[in-house]
Structure formats: C-alpha cells, structure tokens
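Presented below are the structures under discussion, each in the form of structure tokens.
Two complexes come next, and they have one chain in common, chain A, joined by chain B in the first and chain C in the second.
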Partner chain A sequence: MEEVSEEIVEEQLKGKTPKVGRSLWADAYHRLKRDKVAVVCFAVIVLYVIIAIISSFLFPNWAENYDYEHANLPPSWEHPLGTDDFGRSVLQETMLGARTSLTVGVMANIISVPLGMLLGAIAGYYGRFIDDFIVWLYTTLASVPGIIRLIAIKFAFQDVVLFANTPFEMDLGGGMSGIYIALGVMSWVGTCRLVRAEVMKIRELDYVLAAQAIGTRRIVILFRHIMPNLLHIGIIQFSLGMVGAITAEVILSYLGLGVGTGVPSWGVMISAARMDLVVGRWWELSSAVGAMFIIILALNIFGDRLRDALDPRLRTA
Partner chain B sequence: MIEQARDDLLVKVEGLRTWFPVRGCLFRKRYVRAVDGVSLSIPRGKTLAVVGESGSGKTTLGRTILGLIQPVDGKVFFDGIDIFSLSRRQMRRLRRRMQIIFQDPVSSLNPRMIVGSIIAEPLKVHHICSTRRERNKRVAELLLRVGLEPSHAARYPHEFSGGQRQRIGIARALASEPDFIVCDEPVSALDVSIQAQILNLLKDLQNEYNLTYVLIAHNLAVVEHFADIVAVMYLGKIVELADRDELYSNPVHPYTASLLSAVPRPEPNRKRTHVVLTGEMPSPINPPPGCAFHPRCPLTRRIAAGLSADETTEVISQGERIKVMKRCVEVSPLLEPMVDNPHHYHACHFKKA
Partner chain C sequence: MKYFYVIALLITVGLALLPMTYLQGEGEDEYIGKVVNYTTYGATVKSLDPATCGDVTSAVIQGNIYEGLYWYHYLKRPLEIVPQLADGMPEISDDGLTYTIKIKRGVKYSRNPCFGKNPDGTYKTRTVRAADFVLAFKRVADYHINTGLAWAFLSGRIVGLDEWRKKSKSYPAGDFSRYDLPVEGLRALDDYTFQIKLRKKFPQMMYVLAMHVYAPIPREAVDYWLGTEDDGKGGRRPIPINKRVCEFRDYRMVVGTGPYMFKEFVRKNRIVLVRNPDFRNQYYPTEGAPGDKEKGLLADAGKKVPFIDVIRYDYVAESYSAWMRFLTRQTDSCGIPKEVFKSVITPGKKLGEKWRKKGIRLYTYSPPVVYWLVFNMEDPIVGASKSLRQALCLAYDVENHIKILYNGRGKRATNILPSLFKEHDLAGPGPYYRLDLQAARKKLEQAKKELARQGKLVDGKIPQLRLDLPGNDRAAYRMGEFAQQQFRKLGIDLKVIGNDWATLQEKVNNKRCQIYTMGWHADYPDPENFLQLFYSPNIAKGTNNANYSNPEYDRLYERARVLPDCPERRQLYVKMVRIISEDCPVLLLSEPISFFLTYKWMKNIKPHPVGYGYTRFRRIDTVLRKKMGGR
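On to the complex of A and B.
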C-alpha cells in the first residue's frame, strides 16, 4: 500500500479538507431555514418560550393579587385583557399559563419520547420474546382510552410526594410534576410503535449487515448504526407530542384533575370562565383559548415542516 | 494453475442447508429452502463465482458462508476452523479475516456516518490502529488504494456516485486486511462503464493481497474474465461446478447451457443457438420433486419426445402439459464428477451426448 504524505494526514486531522461533507442534519437545517412558514412558526414558539420564562419573574405574586373592587372588568388600557372574578389581570394569567403549558409539554415529552424510542428500538431490534412483551405492554396500555388512563394515574398519584424535603420535591398529587409524569409515562406508545417498525426495516439494511460482518457488537450496532437513523423520528414526535401534552394539560385542568388551584393555567381559566360567557364576560375564555390556539397551530405546522425537512425519503440521492 | 492450489483450501462448505421458516398451514411448519445441500471448496487466492437467477439462493449461500445467517444443517470450514462451532467472541475475532461487499451501494453505507468513520469501523472493532492519527492515516491509504481522495473521508455517503460508493464499500472490506471476501453482485447496480473499473479494482486487489473471493453474479458475462471456478446454482442447489474454461467450453447441465447462450458475443457471424427457458423459477417453498429443473428443462423434453410411456411421464408446467422423463421427476440427481474430468461436477441424469 502506498504511503500517504504526512501533510494529507495533517490536513485531515485539522479538518482543513478542501470540502467538508454536509451531513443529513445540516441538509435538513438548510431546508428548514428556507421554509418561511416554518421560520414564522418557530418564531412564535420561541416567543411563547420567552413569555413563559419572563412571566414568572414579572408577575410572581399574581395568584395573591386579589382586588375585588376591580373584578370582572372588560378589556381596557389598564387591563388589556380585562380582569377575572378576583380582580386579577387576565393578561398576566394567560402569560403565566403559557409557562404551565410549555413546562408540561416539554417535560412530558422529555419522559415519553426517549422512553418510546428506547423501548421501540429494543423491541424492533432484539425481536422474539422481548418484542412480544413490549408489544403486549403498549397494546394493553392503548386499549384503555387516554383520558381514563390519565385520570386513573392522577388518582394513584394523590398525596404522593417524591424527594420530599429536598430541592427537587415533587408533589405528584397537586403540582405540575404529577401531570407531566402521568403524561410522560402514558404517551410513549405512538413513538414506540413508529420506532419499532422503523428499526425492523433498518435492521435488514445492508449497512447493519456490514457492521455485523465486521464483528461489531449488537449493542454497538443498535446505538451507533440504528439509533442515529431514528433520531429524526424522535425530534418530530417531540414537536408533535408537545401539542398532545398541552391539550391534555388543559383538559385535565378543566376537569379539575390538573394543576392545583392557585397555579395559573389555561385549563383552569376555561373552567372558571364557563359560567361567565352567559353573562357576557368573554375575555377570560377567549384569552385562554386564543393563546392555546396560536401555540398549538404553530407547533403543529412546525412539526409537519420539520418532518418534511428531516424525512430521508425526500432526499435526492 | 488451479491444480496446485486445489489442496490448499481456504473455505470448505459441506452439505450446507439454510432454510427460512414461513407461515404455513396450521401445525405444519413450512420452509423456504434457500440453500439446500451445497458442498464446495475454494482454494486460497482463487475466485469462486456463484451464478444463478434471482431466487436461486446465491446471496443466502454467501451470507451463510460468512456466518451471518445460521444454517439448519451443514458445516463451513474457514482455514480449517468450523465457524459454527465458535463462540460469539471467537467468531467476532475471526470476522477480521472475512468480509463482504454488497450489491446496493446506497443501502450498504450508513447515511449518518462520514466515510472516514465507516472505513475506520473495522479498525476500531479489531483494535488495528491504536491512535486516532494512525487510524486516519490508514483510512487515507485505503481511500487512495480504491481510487478515492483522502479528503473524501470527511464527506457523507450521499455525496458520492454509485461507483464511488462501491469503492467506499470495498475500502471498508479491505480495512481489516481480510483473506476472504464475499462479493455479492458487486457490479449489478452499476453502469456498464463503471462495472469494468470495479471488477479491475477487485482483480488488482486480489493479486496484491492474495485474496480469496466468492463472486456472486446473476449472469455468466461478468464472471468470464474473473472467476477461476464457477458454480451454477438452481433453486438452492449447485447443478454444475467446474473450472471456468471447462465450464465455458463444455457446459453439461442444460441450465448452464441456457445461461451461457444468454451471454452476448461480439461475433456477428457466429451462428447462435438461443436456449430460451420458459417460465420462472418455481417457488423454493415447494420445489418440484426429483430434479428441480425438470419443469423447465429442454433436454428432458427432447429425450422424452421419442420414447414410450413407461419411461416418460406427463407434468403440468406453466399451465401446459409436457412430457418428461420419469427419472427426472422421481429421482433427484446428485452432484457427481464427470467420468473424463474429475474436477467437473454436474447434477443431471442425462449427460450431453
């Protein structure tokens, strides 16, 4: 074999090659950047995140700001979205509600997406009884309607406090953590199904066989060759799963099973305002619904565009 | 040339059977008999070509020889070692010496890995280069050897053409310095102009490193200038096995003859007799009894045509009643050497007159 000059190797080590390859990720990023709708949706999502972060610093005492003299005021310059039964600002409540929604959405998916991907990949790759068990697990879970599952697990969480008396204290019965853990543990089924099917497809591809022929260990094949080709599914599932988690939180809070009283939430707002509409007080309901509508629309469209950008089948070879 | 090498065998396959279970009727397990009783041996430094139509079990044979698929029966000896008796750990170590090149240059490279890491993987798995620097140097050497640039290491597979990707696959197979490479239709997916380049590269590498190849192909044209020994497969069995020159000049089995007549020849004046086979290969789940080739065999029909009913029988092939020899339906022919040439094996009841 002919010797390679030191310079070439040197050049390579420093990464100063004439043209560095463009990964599929970089490709997807470029495609997404060109997509104006996706950029707008992403901007909306970022805006919500900023609002969620700053609102708790801006209005830390919102829940105690009772002002019965100014209760139930319609929108005005002083109160842009009016006030509620207790005279608290609806605008502030809506902004704080974004914090609840996004926290629940992100945390639930941080639990459910990796869980679903891991279980799906293991089921699809190892097959046999491991597959049978995982499929049994998720079909059993999926046979119970989602909302009933959530209600059941919320009841099971009553009075459960994890890591009591530590900075990580989690009140599963009343706080936000109960909701996102319940959602996370319950909503991995879709991701698991998708990933399992995809792994069964990838496992038969030649590059997996090549890795086997080289002598790579099975576990290394799973994490080095198969998982990176599934990551895009995880990202898409995360962005679309946010929508599910946000809606679920609103529904649970509306039913009184969500975040406890005193925690601002769009679901609680809708629940509190349901009697208001008949007497003509529309602002609390519409603020909550409007805020929810915009973020869900943005997440949905962004999720779809993300899928288009990441889908390897759209790649021109 | 082959005579001397015959004793120095690198790979020896004995009675290999690879069956895949398929869903059958209740309580009855059915199998696809992809490889059904194959025995062969490959001398060191030589090329054995396996030829046959799609579905004849060539790819499965290649993968079973490498231990990538477990057979239901039979043995594979690699340099005297029975590979199916090894533990996983021992098998992994042996994999350094045997490699595979795939047909599809698109699916054989992981799209999320840069070429450098694809080629470096065997080096890492077998701890061949200890430092990253050494590894990069080795990758650069391999890329140059297969006709690519060292700078290509930083790129992704989708940035290359089919022929270039095939070269990357070859570089990966070469990385661990193997003795034996199974080339699974290495040029079938490429343009004709690129095919010759890749075949020449494989040939050069063979001479340089004394490699032993199994070359899987679906036509005899590719094989002609490359193989030392040719095995013709039909429905999971070898029907003819001979040195290349012998097989090309003196094909005995009617299936080989029909494959040979399909090879295009640049001699316009030569009279050609096309032996066109009717129909498709039968299902390997339920192969025909006796000689699996009898429903399509032109020879048995020709012989049966002039004979009485006690030597012949009628079968239905492609919805058509044909008269064939009774022996072809009742007795499965064995792969036996010819009387005048002990290195020419064939599995047909009727030798060419």
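On to the complex of A and C.
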C-alpha cells in the first residue's frame, strides 16, 4: 500500500479533495508554512538580511565616524547601545557586523556546498580509486580540528593578494575574502560525506540503471539525473553551514585573524570588549553576543526544520 | 573479596581528596622565615645571556644576576656613573684612547657546576678576573652570537675587535678556541687590571661600560655548559663541535656576580631568584638627590644589601589578572591596566583617595623613551616623498592617540630626543610634529606632484600604504585602527598588518616594512644614543632601521661623536635634531609616562630611568605586609 503524507490524510479527513502529486518543494513549503517556529526563525533571518543590506547604505562611513570626546559612553537616546573605544555607535557597529557575518556565511557556503556536492557526487558515483582518493582527502582534512585548519590556512596565505590593483582584488591575509575562501575550501567535508552516501544509494535505483541501459553517458546521468535529486541536501547544508561560518568568522576575528581593522565584526567587538565587563562596560560585548546568539539560534532551528521538510526520512522526533 | 568494597571506597575518597593537597600553595613552605618579593611579568623573557639581552623584561631579570664594570647611582639625579665591579673610575690616557680599569678584588661568581664540586658536594665558585671581561667583550663581538645592540655600541670602536669578529666567522660556531685569539684593544694586564684601547675618541664609552650586557663571563661556563653535556653516568662528555650552541639558554648555565641567582625558571610560568650567598658586601647609598631624605629614601643608608631574600615573578599575560592579584595583596607592586585606569587615577593624575586608604602608593616617572612610526626611507613611496611624510606627521592626532590608546599616559614627542635631555629644548619642536590638517592637505598636494613626477601614483592617488605592528592582539589592532583613521583624513588607505615580534624584526632587518611602529629607550643618558639611530653606516648594524641616509647629517654626527660634552657638541646635536625634524624619517608619537603602584610595605622605591638591578635596594616591611593582609 502506498504511503501518503500526513497533510493529505488531514485534508481527506476534512472532506477536501487532496492535491495529489505535489512536488518535493511545494510539499516542503507547505510543511514549513505550518511550522510557526520555522516561520519566526525565517522572519528573523530575513530581518538580519535586510539589516545587513540597508546598514551599508545607512552607515557607509561608520569607520570614520569616530568621536574621541564621546568614547565608551553607556546607552542613551542618542546612542541606544552606547559607544565604543573610538566614540562610534555600537548599534551601528552591531548592524554592520550582521553584514560581515552574513557575507562571510553566504560566500563561504557558496564555495563549500557546491564543492562538497561535486566531490561527493563524483566519489559516490564513480567509486573505485576516485572514491578512495576523495575519501582519503576528506578524512585527512577532517582529522585536523576545524579551527586549527582555518588558522593554518589564514597564516599560509597571509601575504597573498589575488587580482591586485583591480576591482576584484582579494587580500587573502587581511581582507574578508581570505576568511570566506579559507572557510569555503575547508568546510566541504560534511556535505561531501552526505552526498557521497546518497549518490551511492541513488546510483542503484531503477531509473539510473535504465538510463545506463539505454547507453546514456555516465557524466550526463550524474549531472542530469542524479544531481537534481541532491539539491535538498545542498540547501540543508547551506543553511546549517551558515551557522558554522558565522561562528568561525567570529572566532577568527576574536583571535585577530579575521576581518581587517576598521571592518565591523562581532568577533572584533567581543575581542575589544572582553575586559570591559570588569569595569561595568557591558554594552559592546552584550550587543555582539546578543546579535550573534539570535541569528545562530534562528539559523539552527530553521536549518533543522528545513531538513525535516525536505527530507522527511531524517525528521527528528 | 570482603575487602574489595573497603579498598574501592578508600581509593575513591583518596582520589576525591587529592586535589586538596594543592590548596596549601605551591612551595610556600620553603619561603618561611625569608623575605619574599612577589611580583608578576607579562612578556616573554627572550634572553638569559647578557650578550644577547635586548628587551626590557630580560634586562629586568638579568639586572639582578649580572653586573657590569660600572652602573648608575641608585638615587642621584642627574644620573651619575659609579663603579660596580670596577675598583674606582678608569684611568684614561691623555689622548682619550686607552681605558685602564682596576677590578674589585674578591668579587665571586654564584656557585655553579662549571667550577667543580667541593668535597662536601656543594658547587665551587671563583673570583672575577680581568680575563672574564675580555671574554665578555669577545662574546659580544662573536659573529656566531646574535648580539644585536650590544655589538652595535662596540662596532668600529675597539682596536682589533672588528678584525677578531671577521676571524670568528671563519670558525665553526661550536669551536670556542676562537676565544683564545687575542684582541689588541682588549687586554687583561693582570688578574685585576683590564685595559681597553679605542680606535678613536668615544666620549660615550663610560656609558657603554655601565651596561650589564658586558658583564664578565667565566670561561669555565662556556666550556662546561656549551662544550660538554651530561653523559648519563654522573659525568660529562664533549658535545661534537657541529652540535654546540653559543648562547646560554638554560637557567642552570647562568653564572653572575649579582645579589641573586636563579632557583627556578619555567618559561611563561614563573621565575624564582634567590639570594646569592657569595655576593660581596654592598651597602645602601648614603647620599641621594635633594628631597630623597624627606621621602625616607635614605632611611637604610649604609646598610648591607640586598634586603630581599627571594624574588618570585609569576607569568600573568593578562594585565587585569595581574591587577586582581595585586588588589588581593598577592603581589607587592603592579602596573595599572588600561581598563581600570580612570577609576584608579584622578584627572589630575593622582592616586584616588579610595586606593590611598587601601595602603597603595603611586609612583610616576618619565623614562627616556620616544615612540614613533618609522618610515622605511628605502621604500619607493614613503621614502621617495618628503612632503608625504611631512603631511602624515601633520595629520596625525597624537594627543588623542595618547588619550585614547594610553589613557593619557604620555605627552606628545616634538622632536626625536626625550624632553629629559637639554638638547631637546634647544632644538625646539619640529615644524611638522603638530596637528594641522590644513597644512597637511597642502603638503599632500605637493607629495602627489612629487610622486606623479616619479610615476608612482595609482589612478591619480597615493597607493595604499602598509603599517606593520609588533603584535597580533587587540591592543595592537586598536593602534592600527587609530592610525587608519588618521591617514584616512588625507584620503590615504592604510593596510594594518599584525606580526609577532620575531617576524617584525625579520621584516625590518630585510627592509620589507613600509611603515612600522617602534620606539627607543635610552641605553645611556646622552642624546648621541638617539642620534646614532639615523647615522647611515648604522643601517648595516641594524640600529638605523629607518634606513635614513643624509650626508650632511653623517658629517655632523662624525664630528660630534668624538667631542666631550661641550657647547660645540651641543650645537651639533641641535643641528642634527633639526635635520631629522625637517626630513621626518619618523612620525613622532609619544614620550610615555609610567605609572606603577606598590603597597606601603614596599620601601626605598625610586624608579630608575636607565639602569637595571636596583631591586637589591628595595626593602619589604614584612610585618606590615602580614598585618595588612598580604602574604
């Protein structure tokens, strides 16, 4: 007997004619729409994205808006979250920090997720020595703790500037590009493992065997018939990977290896204010930690719910 | 089996209580009945060898162990050189080239395995001889030891020493027979007479002799510690020449004549110095500067020193943790962390009443230090445009630099000499060492023309500049961010690069920095010590690390350096300072003011601007310390 979704059962019980044949995406959308927590989390993420986008236009000169006479002021109507060491608004810094974190999160995942999917798919589909090599590669990478890998790669490319003196200049040592490239090339392992396992399963399914039987080229089967069925894994990994990337950016910036000076970042704020609590200056630290906590919580919950919606077999209890 | 549960219970309880054995405090018992000075340090001790000492933290530790021929009177100001291991002031020949120095008799080194063992199992010692000073000077000149500054002061000064250095290069690093090669200008006339012959007059020679980096080294220490190793059977065996090191890097190798010797040295953990039982008789000064008597600084006049038996330095990297130790009376003295400065020090730079009532005392002093940003004069951008350097000097808000980054602990440096020198005032403030944004913009326009003529502008703009910092921590980056703000006032982008100290040194030595932060602490109280930093032959020695070269300046320096303190020399110094003020090879920042706190049980505290090793004169009222809740 064919299994039907809970939603279809519910609609039948209500006497409605269920819409049969709903796509995976439409089904996931309906599931998420009914999940109030997921909706709230999504709203929070959208809010952060909006803040990240508009803050650049609202406060383009934040770094230059120093006012040494008003340094380290507590929250007031003029400065709702107080001021920092150089007299700049902590509220503006926090909002601009969202831009830094989300940029790093998105860019790192734009690199890591496709890379992980590609390598995972190739390993899973072709198997044999290609699989052995890719498994060896990610096992080796995974054997070194993540933050150590990041620090190592940051140091390794400390003096490297790509496309110097062009609009695409990328300073791998001191610039933001260095962070998301480091995160991107180091964070594909999880995606690769999942995709590899999924492809190993899919390659034995009838429709793949049928394609092989009619002589379709293997590369076409992989990219046209298998990869589209892995897209949901990519989306889930992207949303969960955001959390890792944001956290890593904050840690690297805290350690002085992250974004360059003058770039607002929650990690830099935490590092700058870590000794402030002892003299009662709580606002900079609290703002950065609070902003980070909310977005990470929202991304984590939304990522979980998205996974449940896109892959019901993985649904948590 | 019937005892199983009992044994298991006992083991469990034992394991649970084990950590409590640490609660009694580590090694405190051995201090009972001794006067212990508890203090903290936050920087790495880079050197245990006097020849390689080049940083303040190492000098502070070494000053308690090693001693030079001369040093500075503890209390007198202006500074006065007095004999330390020398028996009186040197006999200087009429031509000013030969210094004959008598060595005090009976000065003993601290006991060390390198001198052998007594029948009772204790280690032997021996008295200091003139030959030990010859060896010390040779080690400073040794090609195989990275002696940096110590060599810079001797290079080209002593007859035959530069030639000896060249010869030392031809020897393998581990072949110590090179120390047997004679140097014409360094001779031990007898066991207690040491003679130095100079190539030409060097009026600052007395100041050089007052530095502990030329402290005597017994040959036994070199041969025993660097030439042999433990054979595992209670004896020693020779180390193959190609595996030997040339520098004393282990605390057990340290052999000095000072009042203290190492008991423990755990890198980045703790250092314990104990009284050297073989230290000669030395007494607290009976004279001081005006006002010292009223401050109680002569209360111990004529008493034998040191007063303290043990000095315990605990490594505490975070200044706030060091502060908390001080507040809980676990340490006797402390600096003031930036975070709490405002709550401790009043706007009038006095100690707050609340803290005075806790028995805390504040000491402030201005060390002869100037901090600056160095422009690499060989850089194709900042070195090529004087107007650009002048513009950056004019645009930099030094007053706020001091206020924001250092809680106002300093004053603006207006020329390259610290204000303690008379010549500082005579030379007057440099025309570009002031804040004038309008003038800076005019200078910038000139700079653009200069650079455009050389084809060095990028899209009509000055290319991004680079600032190298001596740290990767937040304090370093704050400084970098502040500098970015200042440069941006002129529309100039500044890239800030954090480095660890060794990397920065390597970059500076290889001329790979464009702009970097640096400063200079006077090694001796003569402006020449600062002026030599811009003498072009010193580029090769590494002290002129701005790579500044100006024939006129060099000519003036060569004339001045052989003159004794006289009006002519003063005028030459003033001219040199003004040349630097015009050329701006450095962007002057601040002359710092040091603030440090002690509890009132600490006696005889008088900060010394130049010398090290004065802890021997400090005294602790241990009864008062205990009464006030201290250790």
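The working rule: the second predicted complex is superposed on the first by the 290 of 317 C-alpha atoms of A that agree within 3 Å, B and C clash if a C-alpha of one lies under 4 Å from a C-alpha of the other, contacts with A are read in each partner's own complex, and residues count from 1 in each chain.
In this text, a contact is a pair of C-beta atoms (placed from the backbone, for glycine too) under 8 Å apart; a residue touches a chain by one contact, two chains touch by 3 or more.
Since this is a predicted model, take the numbers as computed values, not measurements.
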item	value
Touching partner for A:K201 - first (chain B), second (chain C), both, neither	neither
Partner chain in contact with A:V279 - chain B first, chain C second, else both or neither	second
Touching partner for A:S23 - first (chain B), second (chain C), both, neither	first
Residue contacts with chain A in the superposition, chain B compared against chain C	B
First (chain B), second (chain C), both or neither touched by A:Y66	second
Partner chain(s) touched by A:R34 [first = chain B, second = chain C, both, neither]	neither
Partner chain(s) touched by A:S271 [first = chain B, second = chain C, both, neither]	second
Intersection of chain A interface sets (partners chain B, chain C)	none
Chain A contact footprint on chain B (complex, rising order)	63, 66, 68, 91-93, 95-96, 98-100, 102-104, 106-116, 121-122, 125-126, 132-133, 136-137, 140-142, 144-145, 150-151, 153-156, 158-159, 169, 172, 176
Chain C-touching residues of chain A, taken from the complex the two chains share	63-64, 66, 68, 71, 85-86, 165, 171, 173-174, 256-257, 260-262, 268, 271-272, 274-276, 278-279
Touching residues (chain side chain A, partner chain B) in the complex	1-4, 8-9, 11-13, 15, 17-24, 205-207, 209-217, 225, 228-229, 312, 315, 317
Interfacial residue positions of chain C with respect to chain A in the complex	318, 320, 337, 339-340, 343, 397, 400, 403-404, 458, 472-474, 476-478, 480-482, 484-485, 488, 495-498
